[in-house]
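These notes are about the structure you will find just below.
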Amino acid sequence: MTTTFETIEAPVVGETAAALESMLLIRAFEEKMAALKAANQAPSSCTSVGQEASAVGVVGALAKDDFILTNHRSAGHLLARGANPDRLMAEILGKATGYCKGKSGSLHISVKELGVLLTSTIVGGELSLVTGVGLSTAMSDSNAVVAVFFGDGAATEGIFHESVNLASVWDLPILYVCENNQWQAYVHRNETMRVDHVSEWASRYGIPTKTVDGNDVEAVRAAAEEAVEYIRKHRKPYFLETYTYRLRGHMEPDDQAYVDKNELASWKERDPIARAEERLLETSLFSAADIADVRERVARRIEAAAEFALSSPYPSFDELLTDVYA
Amino acid sequence: MRTITVDEAITEGLAEEMRRDPRVITFGEGVATKGYKLAQEFGSKRVRNTPLAEGIIAGTAAGAAATGLRPVIDLLFAPFLTFAMDEIVNSAGKLRYLSGGQFSFPMVTITRTGAGWGVGAQHNHNIEAWFVHTPGVKVVMPSNAADFKGLLKSAIRDDNPVMFFTDISLIYVPGEVPDGDYVVPIGKAAVKREGSDVTLISYAKTVQTCLTAADALQEQGISAEVIDLRSLKPLDEATILASVQRTGRAVVVHEAGGPCGVGAEVAAILGEKAFGSLKAPVLRITGPDVPPPASYPLEASYVPQADAVVAAVKKQFA
Amino acid sequence: MTTTFETIEAPVVGETAAALESMLLIRAFEEKMAALKAANQAPSSCTSVGQEASAVGVVGALAKDDFILTNHRSAGHLLARGANPDRLMAEILGKATGYCKGKSGSLHISVKELGVLLTSTIVGGELSLVTGVGLSTAMSDSNAVVAVFFGDGAATEGIFHESVNLASVWDLPILYVCENNQWQAYVHRNETMRVDHVSEWASRYGIPTKTVDGNDVEAVRAAAEEAVEYIRKHRKPYFLETYTYRLRGHMEPDDQAYVDKNELASWKERDPIARAEERLLETSLFSAADIADVRERVARRIEAAAEFALSSPYPSFDELLTDVYA
Amino acid sequence: MRTITVDEAITEGLAEEMRRDPRVITFGEGVATKGYKLAQEFGSKRVRNTPLAEGIIAGTAAGAAATGLRPVIDLLFAPFLTFAMDEIVNSAGKLRYLSGGQFSFPMVTITRTGAGWGVGAQHNHNIEAWFVHTPGVKVVMPSNAADFKGLLKSAIRDDNPVMFFTDISLIYVPGEVPDGDYVVPIGKAAVKREGSDVTLISYAKTVQTCLTAADALQEQGISAEVIDLRSLKPLDEATILASVQRTGRAVVVHEAGGPCGVGAEVAAILGEKAFGSLKAPVLRITGPDVPPPASYPLEASYVPQADAVVAAVKKQFA
């Protein structure tokens, strides 16, 4: 599988500045999707606003030949991996130029050329499929790691138990990344489980687990590197939980009337982007002007993507009947 | 008569039944959040959010139904039923029989499906026929606010597991509903329009498609009767047969894919029991046998259109 | 729900002698089923030979108004609860006089009049249904406990995770009884999990858990009493694991060629019946002759049951179409 | 030609394909225990026992299939498919389409069903029609050793998910199989007996029922053609239509329940495309729409009998 990254504007994470740019790109992309939906120019989508550090930190720790599985809230993972914002946005708009010819829309965007495989919007779908990708990887002579992103809600599906248990029993090279964003659509996590950390559940399968501050991109990156190193060396699963927060609603638009105002406010103070900016400014290698530059570059990129997506054609009607059977 | 949307009709029907019978409870992912008014009126014991786990939601409903409660569960979108098939099919559908009649399962499972929101095949998959092929359960799929309310109320009062399918595209469609307490019986089709030359048989969103087609046919001098099945299991054979024995022609229309769909069953029944009356082949106009796509125009092209129904009828007259 | 117990020969557990008789009745019943199958006079069934202490100890701790859910390996639970061996055996033979009119056969025998509800042979079925029985019980003014028996194999199904988690989150009065008999049909437990005790998994849901020697009927009884007391008092779930062994094959007949001979032999030495007999003989309140008496009584009872079952009529053909809808 | 049982035919077919293609692997609950000879030959990497968890077995197969392996999974009994519906239907059946063709899912799912072992409805439930109603998958259900072997080999070589249903009652039935490497193509029915007055269409155990009925009809001067569908999706419309256009009469026979079953689909196709040739109503002889019971005589009475087929045909001639 050859991996083609966007060359010009692709974020090459590995340092906080690059991570910041990647996070800003995701944020701008998601806010554009929300704005387009509000203007009735796009279908609704599930944004990852507030969770950028988890995507950027983990994906940054992966190598080009590693694989990624994701879910309905995938734009962050895809952009961090170097997906082209044009084609990503086009896909969400159901356009022929999208990564899946518009057939997926926002909910199940796979990009095989980037190693982003089998995206499923069935909560738990990614968990049921990752063991198969792990198995084929384990049976090949590749040293790849298979990372799977899923939510705290997915962890309450039975398939979570089946997946982690099988990965442990069969020694599959899987990095489980639970993005615990405190919400499961319109239900708070604490209505659905007696633990605060999904890693407490995972720790019982005989695999290493860790919960990391999911809003600290450097911490996420460090934890992910450790995890990836473990998997590459031992060819066994590792469980990493990024503890974070869904700052916008479940799916656009969402007035968040059901969200506790204090909780939301306290997490807004821990915005991963603001934190990365502060960290950079503290180093004095980075100025406010530099940040403004990055922000502007990102904004331009997203405007271009929107133009591309909006002006792209819809798939032709005969696409309705293709791609059913191999 | 008042005019309310299908969504309101469902909530009203549920609320009325909860008022009427304290054994009725409702739960599902976000049910208490989205149904906060119900939660306010009936309390957090009877209106519950659940963990994100369709299997245990359905299993809990079946277990509770067998021991005195009457659960109404919301599994959101029909494809999520794939995580609850054991509980619905193997438990609720079979354990009455296998126990020699010791248990009954008065439970209603609500899901949504159909084109309209551009959400793709993992949210939109018309699988009602699976349950028609499943013993021990009943299946309804209404087309208008009055039937949504009346059939939901019947489903809640029924002592058997009832699958309640909601066509996504109808959710915000307004319609007149009768005042006061009324039910629509499960197993009774509705003749939406009388006609003498051909019978158009459908359910859910494509009932309207058939009515539109019937208008067009009228202009061409063909009088079409339109039947809304409403209940898919049990099917109202008598109403279908009476109509087709009179008209001699039938077209069955639905959005679900064709193979082993409800249209196949209706066509097979007509082919067997109305054979002598048929003046032309029974035709089926269905969604294609592909996973529904997300892209809006493609999704729209998935859905049977009135044109196609008109063309089918004209073929029958050719 | 009225509970009718067999009056004459029903074991009234509560002391080891009664428990012994109950265990012997189960053993004799199961061995009869195996013999009838070998002689082609009965369909095959899953026997509970070796696991009698788990059934007798737990069921003995329950009150008449408590409920029980069980699975494919149910004869022990049913007999311990006072089921009539005649009707039980008739059911396994598919006879009209069986508890389910012969429609169940051996695999899904419910006896509502004894509070044994919704028996399912789908592994995990009992776990998906018990939360519903727990919910209706919790919402009633009854103080009943709902006990659910399931195997170590059922614990590897995803529904295990969903069930225990929901019971915990909703405070359901459920006694989970995992009969860890080391086997999951033809697969040893250690091929399917990295833990030895399923209670390790259960401990992460915020509920009390315990693993007890499942071949020691007194220990099981004591643990079950403690668990039942906890549930009655707190109206919350409790997880009890009875660590035991399936001494015969999965389903009759089974040559156990795939079973490790040493493991089997070591567990045969811990036969729960032999241990209970030894314990009784040690007290000197019980003699070898007493034991012989019990054994003979039990043997007679089972012979009578077989006679009843074999001579009972099959259901009439019109039964094929009844009991589908209420 | 050699004579082997269906069970042996399946094992042989699997072993031959595993020899032929190192990407073929097999796993399931007890697969390595019961298939210890396969495990010996191909090793513990390619022949695996799994935890007792159908969802992850099927999901693992789908994920592995999309990334280069060709898994054959054994889910034991058809009702256990209810724990694997998401993985088969939503993932393997839809993710090729939803991704715009990026993935394919060469995987085979084996299950057993049908009357014969007295195990009741939670082990015996003929749900093949569910998958005929499911886009993106194929479905086969053979009737004899040669077809079991040849269709399994085709299924393993197919780049799509194939549901492979094994009728329990056939497992120990011997039959002749061709020597050497051969396949039976998916999508081709077999004419088991030629005849001119009526076409009996069936699959799995009831193919033999139809042959028995054909013998009886022969004695009464009626010449029956017998078609074994073998593949249920895709259906071999051409073979069915050619036959019925010639005979003018058809009876569809299967053990699965009637509503929205394969018989409904076949009858609907005939009613549409062979309308002009039909001399009598297309009839269906199916199992009743109830959960199959365990009790042996009741279970036997669930299965369509040759008598009923003969009676149906005679009705067509009345």
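Here the chain labels run A, B, C and D in written order, and each chain numbers its own residues starting at 1.
Assume contacts are C-beta pairs under 8 Å (C-beta built on N, C-alpha and C of every residue); 3 or more make two chains touch, one makes a residue touch a chain.
Keep in mind the model is a prediction, meaning the values are calculated, not measured.
Engineer: What are the mutual neighbours of chain B and chain C in this structure?
Structural biologist: Shared contacts of chain B and chain C: A, D.
Engineer: By that same contact rule, can you tell me which chains touch chain A and chain C alike?
Structural biologist: B, D
Engineer: Based on CA centres, what chain would you say lies at the far end from chain D?
Structural biologist: It is A.
Engineer: Check A-D against A-B and say which one is joined by more contacting C-beta pairs.
Structural biologist: A-D is joined by more C-beta pairs in contact.
Engineer: Chain A to chain D: how many Å between their CA centres?
Structural biologist: 41
Engineer: Starting from the mean Cα coordinates of chain B and chain D, work out the distance between those two points in Å.
Structural biologist: 29
Engineer: Mind checking the centre-to-centre distance between chain C and chain D? Centres are C-alpha means, answer in whole Å.
Structural biologist: 36
Engineer: Can you list the chain A residues in contact with two or more other chains?
Structural biologist: 102-104, 108, 120, 122, 124-125, 156-159, 162, 165, 169, 191-193, 324
Engineer: In chain B, what residues contact two or more other chains?
Structural biologist: Where chain B meets two or more other chains at a single residue, that happens at 50-51, 53, 55-56, 79, 82-83, 86, 90, 97-98, 120, 122, 135-136, 289-291, 293-294.
Engineer: Indicate which of the five shapes (line, ring, star, complete, other) describes how the chains touch one another.
Structural biologist: Basically all the chains touch each other, so complete.
Engineer: For the complex, which residues does chain D have touching chain B?
Structural biologist: Interface residues on the chain D side: 79, 81-83, 85-86, 89-90, 93-94, 97-98, 120-122, 125, 127, 129-130, 132-133, 135-136, 233, 235, 256-257, 259-265, 267-268, 270-273, 275, 278, 280-284, 289-291, 293-294.
Engineer: In their complex, what parts of chain C are in touch with chain A?
Structural biologist: Chain C reaches chain A through residues 156-162, 165, 168-169, 191-195, 200-201, 203-206.
Engineer: Within the complex, which stretch of chain B touches chain C?
Structural biologist: Per the touch definition, chain B meets chain C at residues 25, 45, 48, 50-51, 53, 55-56, 58-69, 71, 86-87, 90-91, 95-106, 135-136, 138, 159-160.
Engineer: Note which residues of chain D are touching chain C in the complex, please.
Structural biologist: Within the complex, chain D contacts chain C at residues 29-30, 33-34, 36, 49-56, 79-80, 82-83, 117-120, 122-123, 288-291, 293-298, 301-302.
Engineer: Quick one: which bits of chain C touch chain D in the complex? Just the residue numbers, please.
Structural biologist: Residue list for chain C touching chain D: 43, 94-95, 102-108, 120-125, 153-154, 156-159, 184-187, 191-193, 258, 314-315, 317, 319-321, 324.
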